[in-house]
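Shown below is the structure under consideration.
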Amino acid sequence: MQIAGEELAPLWLGTGGLTSLETVRRVVAAGAPGLVTVSLRRVSDTGDGSLLATLSALGVRVLPNTAGCLGAREAVLTAELAREALGTDWVKLEVIGDEHSLLPDVVELLEAAETLVGRGFTVLPYTTGDPVVARRLVDVGCAAVMPLGSPIGSGRGIADPHTIETVRAAVDVPVVLDAGIGTPSEAAQAMELGCDAVLVATAVTRAEDPVVMARAMRLAVEAGGLARGAGRIPRRESARASSPMRGRVGR
Amino acid sequence: MHLSVNGRPHELPEGAVLNGLVAALAADPRGIAVAVNGSVVHAADWPATALYEGDRVEVVTAHQGG
Amino acid sequence: MQIAGEELAPLWLGTGGLTSLETVRRVVAAGAPGLVTVSLRRVSDTGDGSLLATLSALGVRVLPNTAGCLGAREAVLTAELAREALGTDWVKLEVIGDEHSLLPDVVELLEAAETLVGRGFTVLPYTTGDPVVARRLVDVGCAAVMPLGSPIGSGRGIADPHTIETVRAAVDVPVVLDAGIGTPSEAAQAMELGCDAVLVATAVTRAEDPVVMARAMRLAVEAGGLARGAGRIPRRESARASSPMRGRVGR
Amino acid sequence: MHLSVNGRPHELPEGAVLNGLVAALAADPRGIAVAVNGSVVHAADWPATALYEGDRVEVVTAHQGG
Amino acid sequence: MQIAGEELAPLWLGTGGLTSLETVRRVVAAGAPGLVTVSLRRVSDTGDGSLLATLSALGVRVLPNTAGCLGAREAVLTAELAREALGTDWVKLEVIGDEHSLLPDVVELLEAAETLVGRGFTVLPYTTGDPVVARRLVDVGCAAVMPLGSPIGSGRGIADPHTIETVRAAVDVPVVLDAGIGTPSEAAQAMELGCDAVLVATAVTRAEDPVVMARAMRLAVEAGGLARGAGRIPRRESARASSPMRGRVGR
Amino acid sequence: MQIAGEELAPLWLGTGGLTSLETVRRVVAAGAPGLVTVSLRRVSDTGDGSLLATLSALGVRVLPNTAGCLGAREAVLTAELAREALGTDWVKLEVIGDEHSLLPDVVELLEAAETLVGRGFTVLPYTTGDPVVARRLVDVGCAAVMPLGSPIGSGRGIADPHTIETVRAAVDVPVVLDAGIGTPSEAAQAMELGCDAVLVATAVTRAEDPVVMARAMRLAVEAGGLARGAGRIPRRESARASSPMRGRVGR
Amino acid sequence: MHLSVNGRPHELPEGAVLNGLVAALAADPRGIAVAVNGSVVHAADWPATALYEGDRVEVVTAHQGG
Amino acid sequence: MHLSVNGRPHELPEGAVLNGLVAALAADPRGIAVAVNGSVVHAADWPATALYEGDRVEVVTAHQGG
């Protein structure tokens, strides 16, 4: 899939929750992600500062997010700081309604998106499964939309597949499933539903074996993408024989 | 003088500039971004950026995240 | 996974519905299946007879089935003929209750299984999601159990995932999901639920592009198997932040 | 005499043996299995297997299937 | 609905778990069940013996079950004892495969059903969602079939609605949903799917307020039954306006 | 439930699609709704004008909607006309994003809601399952929120029950499920999830027998409301016996 | 003069007032609401409301709806 | 003599009959059913049913159940 003319692998990985930079290295190697996301935090709270060095050594694209921002003003400032710190004008725009549900606040999101597009950012907004909001995000210039499957970190997969299909049908920019994925089968389903990429964070970083899970996600996302192009069989109410009924012995 | 740095009270002598503060907080300036009173200050401008009583300074870098 | 001490890849393919032997070749190459299934039919109804030659040239294991048999007697005779024709004592035992639903008749199935085990067959029975029946099939000596996800050819996936988990917990032989799979995400889910292999027929053979779908299924089954070993995150009612909440700008 | 071959009526001269019938139905005997009156007859026994009025013969081979 | 020519209300209630005979009285009054089920237990384990007196005072039909029986022999003896103790030849036939899953053992169930029908019982078997087994139960003379929605006491509702529809289509005797119901919406759904009655035990007896829940179940079962006759609208992929689009202001 | 201090029955009915005023009368009698909704349309397109006379003769509260409005300005004018024509300042506020999906445009919806509240209307907005938007609607003064279960007229029920629970938890005004209900079981489920009322239109008006379906919906909504207060049993992974295991014959 | 009434072209003599137009469209004024150029005109004001070239008039009433 | 009653060891004098055992276990015989060695014994036959060493007796009644 492509963002702003750049070709990216369809699995995107979050890094939050990985327990060491060595694990980051091995997860990135196993998942071969199109990009990895990072957050921006105060130096006094970040501990080991060599994450960026590790990621640039791996040559993987880094996408800063505005995770945890509760309003457009905060999110815009965080995006500006990210551009300064990381030297990229791409941003995963996250504006949440509250710290409990972590669900998007689409009103503040639209305001922040419009502002950042105006300042030259490539904006990838984390949003709900609402196709009308998705269309508005594209109208203000977002480069993709990132609807959630279910709440962040919940591992409940795609709660209502129909919403993803409607978002897919509503916009002509890439659709990236964001949040809720717990297993490879759910990541594959996202692609089958028409997504161009899948962002997985907790499902990999907090799995018992993040490295193996990263590889599983990579294979699943590839499988789902291939399947979309291969034309699935229709769902049928009744059965249909896969062996011929004619020519059976004794009939 | 009294400032707020990353949300905490901070003491600095009169006439302090941003450059020194950042250096004190982060050994390596690469990957660091700074905002004063809600506006980003580019690294090139840190030496020339004087700090004043009550300034709110944010010094941030990349961290693992979803 | 292993059947009767033999190592097999976890994707199994049906061949019914493929439109040419060339397609059979390309599908087998793309899917790299642990085995492929064939049916036994009267010569006067089989047309092109070189299917076996094609498959043996590919070096893939062939598993004859008793598809379409409505009683134990028919199924046993069909299995005997298959052993004679193909020189294998493995059989996918299928005894259906009627030609409409194509659902197993577990009473006739148990009788046929016991008979065939007694005659030295390695019996792989197509059965329902009933763990008590599964245990009985193992008690009479079946080498695996093959519960259905949903009706044959329906493409409705795994209608009740809990049944697969209960079958998995009920037996200590390999569990192979059989019937109902429509997409790679569903094949991956079967493995995540604890299956050791997945048999896919219609979903590949009647896809718009069977070759690409075969490859997608192969990747998905591998992904699901890896995921089971990698320890998925728990499902949570509420959200959990994947980026740290501490150290946010402006808070 | 009248037989049933693969579920259809079939005429054969008295004294016919299984071997000839199979050959007539399948050019290449490899991959072929035969049952007479519900019992499998091994290929080695086809030449010596006489057919009789009313026999039910099944001659099968592998076919694509799920 | 009718069993053996007798008209019965479509809500059936279990009594296990009710904390007092007074609660039994109030639950029966609130639910107005077509019948209530009881188990047969050794006198030394039954404590307060006036349950039957209470139920006969209420004038409600009593259906003994063979709950907990692990084989046909046990179940047949328990049914014989129930006929002797209660003076009814109706029995809810339950033969389970193990004490953990409490799922039916359909092989033993079919054997016990045939025996009891032969001895003049009106047999109502607790069975799986397998339509082929359901047909066999009817073939041996059962007066109804009672497929489970999900495991006994699990409160998970109807795990796979399609199985209930297929059982409904497979037999011409009454279908009574048995086991798994947790809420009135699930009881209503059972009726909408074509069941003639719903047996609810734990969902009422272990609710915080069994009396109110019994009334709720009664209303829900009536609602579902009415709906089946009223012809539901088809499910549609896309929306359909319920207000006219013509004549809108300003268009 | 109460809106603006007024007690209302928990079933609300739409009138679109009923084929005659006589059917309107019989459906209202069967459903005993807390209110019925009507649309505002140009006289030249409305045909038989005596709908209002019919409804006022029935003594049922009438709630005008702004169905089909594509922007805040249109919706506000339609609401003003409704107040003038019907003499009520209650309005079901509907602002859709497009004429195909009929899904809400939450940005225009919030603007229209704020304007109408400022002009003294009692605003009942048709909205998405987004709890953050729901909270904003309450913040601008809406008297209730009406989240959709699935698209208008789709009859697909509650696509993601979790969204209704989160909306319920997010606001302290009445929650009325609006759109998507196809069957009584789904209406009961809405109440079980915490809704205070359910608005049903197409599911009744386009049922084969709208009068019987209206009665079924009334019973189902009452059942669901009772159940919420009665404390459902918890869902369990495994079974739990509803008859005692102790004291069984032969054990 | 030329007006738009309920989205359609409409001819009226100079000096026409709203009251007459509404009466022509709806026998019974009860349950009728009217807007001229996007603003509601109360029934009491219809007699005194003159209409002009190009006016956009909406005359609506309740209709069955979801 | 030693019997098993409802799965538990039970002592009875030689010559005991079923009637007495049931009476001892259940004050009110209504709603009681009895099996000896796996066969139901009707209430009418209790007085005439002698018990013997090793008999397995089940005495049951209705209990709340699902």
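Each chain carries a letter (A, B, C, D, E, F, G and H) given by its place in the written order, and its residues are counted from 1.
In this text, a contact is a pair of C-beta atoms (placed from the backbone, for glycine too) under 8 Å apart; a residue touches a chain by one contact, two chains touch by 3 or more.
Treat the numbers as computed from the prediction; the structure is a model and nothing was measured.
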Farthest chain relative to chain F (centres taken as mean CA coordinates): D
Distance from the mean Cα position of chain H to that of chain E, given in whole angstrom: 32
Mean-CA-position distance for chain E and chain D (Å): 54
Chain centre separation (chain A, chain H; CA means) in Å: 71
Averaged-CA centre spacing for the pair chain D and chain B, given as whole angstrom: 93
Junction residues of chain E - those touching two or more other chains: 14, 16-17, 39-42, 44-46, 65, 67, 77, 81, 101, 103, 152-153, 156, 201-202, 241-244, 247, 249-251
Residues within chain B bordering two or more other chains: 6-7, 35, 38, 58, 60, 63-66
Listing of all chain pairs that touch each other, if any do: A-B, A-C, A-D, A-F, B-C, C-D, C-E, E-F, E-G, E-H, F-G, F-H
Residues of chain E that touch chain H when the two form their complex: 14-18, 24, 37-46, 49, 51-53, 62, 64-65, 67, 77, 80-86, 152-153, 201-202
Partner chain C, residues of chain D touching it in the complex: 6-8, 25-26, 28, 30-35, 38, 40, 42-43, 58-66
Residues of chain B touching chain C in the complex: 6-7, 35, 38, 58, 60, 63-66
Chain E contact footprint on chain F (complex, rising order): 14, 16-17, 39-42, 44-46, 65, 67-69, 74, 77-78, 81, 99-103, 151-156, 182-186, 188-189, 192, 201-203, 205-210, 212-213, 215-217, 219-220, 222-224, 226-227, 229-251
Residue numbers on chain C that touch chain E, as the complex places them: 97-98, 101, 103-107, 110, 128, 130-133, 135-136, 150, 156, 159-160, 162-163, 166, 170
